[in-house]
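Take a look at this one; I'll ask things after.
So that you can tell them apart, the chains are marked A, B and C in the order they are listed, and the count of residues begins at 1 in each.
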Amino acid sequence: MPANPPYVFSAMRAYLTRRLVHSIIIIIGISMVVFIISRITGDPVSIMVDFTTPQEDREIIRKELGLDKPIPVQYLIFLMNAAKGDFGNSIRYEEPALDLVFQRIPATLRLLVFTIGWSLILAIPIGIISALKRNSLFDLMGMAFTFIGQSIPSFWLGIMMIMIVGVRFQLLPISGYGDGDIAHIIMPAITLGAFGMASFARITRSSMLAVLDSDYIQTARAKGLRETFVVIKHALRNALIPIVTILGLQIAGLLGGAVITEQIFAYPGVGWLAVQSIYNRDFPVIQAIVMVVSIGVVATNFLIDIIYTLIDPRIRYDKGK
Amino acid sequence: MIKGSNVLRKMRGNKMILFSSIILVITVLVGTFANLIAPFSPYHQELENKLKPPLWRGAGTRIHFLGTDHLGRDVLSRIIYGVRVSLLIGILAVTISAIFGIFLGLIAGFYGGIFDDIIMRIADVQLAIPLILLAIAVIVVLGSNVNVLILVIGLTQWMAYARMVRGETLSLREKDFIMSAYAVGASDLRIILRYIFPNTLASLMVLITLNMALVIVLEAGLSFLGLGIQPPEPSLGTMLSESKNYISRAWWLSTFPGLTIMIIIMGINLFGDGLRDVLDPRLENY
Amino acid sequence: MKAASYRNVRFIMLGAIILFAMAMGFGVPIAECKTRVVVAQGVDPTKLDPDMHRENPTLNVILHIYDALLERDRDATIKPDLAESWEVIDDTTVEFKLRKGITFSNGEPFNAEVVKYNFERVAGLLPDAKKTLNARDYKSIKGVNIIDEHTVRIVTNYPDPLLLAYVSEKYIVPIEYTKKDNFESLANKPVGTGPYVLKSWVKGSELILTAKKDYWKGAPKIDEVVFRPIPEDATRIAELKVGAVDIIANLKPDNIQEVEVKENLAVKYAPSARVAMVFMNSDMDKLKDTRVRQAVNYALDVPSLIKNVMGGNAYRVSTVAPKSFVGWDHQEKFYNYDPQKAKKLLAEAGYPNGFEATILTPRGRYLNDVAACEAIAGMLNAVGIKTKVEAVEFGVFAKRTQAHDMPEFMYAAWGNSTFDVWDTIKTCVRSGAMFSWYKNEKVDENIDKAAQTIDPQKHSEYLVNALREMWADPPFGFLYQQRDIYGVNKRLVWEPRSDEDIDLYGAYLK
């Protein structure tokens, strides 16, 4: 890579600084949303106690949880404690909410890494070949395949896989985490990744097509460079940019999808904990999950900004995307 | 800028659009005339006749072409009505989010500055929170009926529109023809409505179709978690989620609604792709 | 065009596929322990402090770790457990002789001091202990007197006919261990006298209990009991089919067949203590009239519901409790399905064209709840009561009903672990009670009298009177007693109980 002139670096630094400030503002915004949601989702006390617990007992519990203070005060307390990593104890498990979330994060991270991994490994070659062999049989099949991938509701795919791969042929364990072995991740990862894989393949194909038709590739070919070299070195690198963009946008979507996937496969990740906590009105856990997950998303996007500047030093630093 | 007749000619020539249009027209017709087409009421129960297989796999006492569900209701009729409900949710939710998003996007892009900052940061905040978590939280509070569902989905989808419209507006704002409109003293509102908004339409069309597909899938996902359309109201997602316990016993309960969703989504996506080819807007970043 | 590049890419893809296939070959579990039983439940247990939970899935773990003074055997008779015997001294005093030489899993002794401490905790008599979630069951307790190291007397403020029932539900915890951090550790690291101890608990994944070889009733025959939470029914059944799970509860009637056909699996049944009812909101004008509520009962084709929705897995009852309960009325009379009569009664009450209504139900809390409500709505529609189903997630259901916010109808399968009708009707029927939308003075009078009558004969009599009055002036649409359905791997010898408890002490592998 040719050395960049120094002014590019300083522009890059300014750009990244601005993105960092944005990220912090976003995180504060998230904290407000999180707080508001958990306050409007209703009374956590009613779910903790039996049907027949009298009113005065509920008041005791309410006081204990600090639910009797005015709302703005509750928010400030929440924010200060959240900064310290203290979201309170889970109402259901009586354990620090953040601990509970962190216990579940490795499982979800593994799932995400595997999901993104397999979908890219499959999608990029499909996209490239389809673009290179435009309108061939492969292209047609590949695109049909991705269209199907985009239109299957993921939970249906998941249950079908359990029935066929898990029960009928007994190739893979059906649910749970096992010892964190790969076998337990395969089916959830396929379920979660089908949609994204299809999107990635289609985007790779269309951006490859755009790049292949562009002048400089034509020039490179004219210069007599080997075709493989042209494809890998020039076309693919440029085609990667939209993929990275979409990846950033899809992280939140994937985490959302993990809610359903983890539920189906009883996979002990954050998504399942989220559903369970919402059903149980377990405020502290809901707050911790949304905060942690959203910060994760914001951080990933920040990381992607950095990757951008690495892939494409010509990126415009002045205006945000 | 795009010339209308030119686009129409291109669309007619595009096989993807032709094929998907047929699917979509049929879908819309089925949804619109559900009450005329469906052989039974979607609520009509025949408990004695439950879980009967489709006609060609042996039959019950009455003619249920695609079989019956766990309460002896006609699967075909429920799918037909389900198409109506799913389309309704798709169209209304997309309308809400598009209106909301376009409005905010125009303001952010046109006025810039503090408006831009605030609107875009709100969008960023919402984009960072997995929307299914947000949707679940709201639905659990407000209860789940069609209106809440449409509102929730609508309000979690506006960001894509806002971002796209803003981007287009930003680049349009600097164009010569806008400058000259200013020069002759056109008002902001006129410029937005007359010059800027029409020029975002091409991208919007594509985004709307693709978003529609996403919304229908989202409804199905929420139904799976028990937060979608309430029984006995049929929606494709609810039917699919109700069928999950019968997959090994009554395959037709999940297969047909599942195929219906797939065909509709595929139709919409193909249409969107075709539009993209024809209109050629730059959408990758939204 | 460019065959060379194509071949190259194909190599990359091939490599990816091979890698993937290799990954699939790895890590298929081989942890086949001979005496290990896996139970799959819908949720993870909450806290293993026996006085601080309110869920059956949690209780199922707790009952393996702790013992109570008394226990119920399979036919619900109360029997000695940690207490060797008991004696009713007078209307407000019961004496328990405690078993000797029993220790907790941390070595602490079990004695009269422990019993006093335990009951004082739940009765709210310990100075700085948190209020427990089962406190209301023990509010009649005035104090516990230690007679000697192995004899205690529980004294109540008034005659409490249900005291022994509640004593049999009170699992005993140690003193020193809980005192040192005010019950903090107990929730996650339980210590009891029971047949199993907690080995490990990865929340959301699995909880493992190991057998206590020196358990005072004899070592359990199963070395390890594993509880796994699996929220989806379809997934639970799939795991049962492949043998990864040995017991699943709440099998749906429509899934029985697919489990039965598997050679390695059996379906087991137990009559449940839960009785499903349609609660009616007689605070509303349209349901004030007795005739309207009778009409609802005539409109319900209960046999058809049982046959078609519950797959035959329910027993029709004409009241709020199953046959085996104290206070049950043996002169059973049913409202026979008669839609014409229902319409006539509605017309007489001033609703010739019926009315609009909603039936509220939790989703997935009770056996086939939503399907039952859809069918019930269909039946009510047929007599002119145009009914919509509102199925909500259980948290919402709990919240709304506790706030007394109920539409015309509500579907609930009421559980009652005391095996005494009184416990149900004092909360669901007595006017002013939390889940009562009903007012009938005769019924109230009988409920109140039964509450303080310890003589079993008379106690029952009052209850029967109340039930008869409730039959004539129905607060509910009477439906059925549920039957619990379990899917079980045949290698396991185990029988379900009617109190929904999954107790594996005594079970063994073939």
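Heads up, the rule we're going with is that a residue touches a chain if its C-beta (ideal position, glycine included) is under 8 Å from a C-beta of that chain, and two chains touch if they have at least 3 such contacts.
What you see is a predicted model; the values in this text were computed from it and never measured.
The touch graph of the protein chains shown is complete.
Farthest chain from chain C, judged by C-alpha centroids: B. For the interfaces B-C and A-C, the C-beta contact count is higher for A-C. Chain geometry summary: the mean Cα position of chain A and that of chain B are 22 Å apart. The distance from the centre of chain B to the centre of chain C, each centre being the mean of the chain's C-alpha atoms, comes to 42 Å. Each chain gets one centre point, the mean of its Cα atoms, and the points for chain A and chain C are 38 Å apart.
Residue positions of chain B touching 2 or more other chains, listed in rising order: 140, 244, 247-248. Multi-chain contact residues of chain A (touching two or more other chains) are listed as 42, 159, 163, 167, 263, 275, 279.
Residues of chain C found to touch two or more other chains are 232, 234, 393, 395-396.
Chain contact summary for the complex, chain B toward chain A: residues 120-122, 124-134, 136-138, 140-141, 167, 170, 213, 217, 220-221, 224-225, 237, 240-241, 244, 247-248, 254, 258, 261-266, 269-270, 273, 284-285. By the touch criterion given at the top, residues 1-2, 4-6, 8-10, 12-13, 16, 20, 23-24, 26-29, 43-44, 46-47, 52, 54, 131, 133, 135-136, 187-188, 202-206, 228-232, 234-235, 238-239, 241-242, 244, 393-396, 398-399, 401-403, 427, 434-435 of chain C touch chain A in their complex. Across the complex, chain C is touched by residues 43, 45, 47-48, 50-51, 70-72, 140, 143-144, 226-227, 230-232, 244-249 of chain B.
Listed in rising order, the residues of chain C touching chain B in the complex are 232-234, 252, 254-255, 257-258, 304, 307-309, 363-364, 370-371, 374-375, 377-378, 389-393, 395-396. Residues 22, 25-26, 29-30, 33-34, 37-38, 40-42, 147-148, 150-156, 159-160, 163, 167, 195, 202-203, 207, 242, 245-246, 249, 252-253, 255-257, 259-260, 263, 274-275, 278-279, 286, 289-290, 293-294, 297-298, 301, 319-321 of chain A are the ones touching chain B in the complex.
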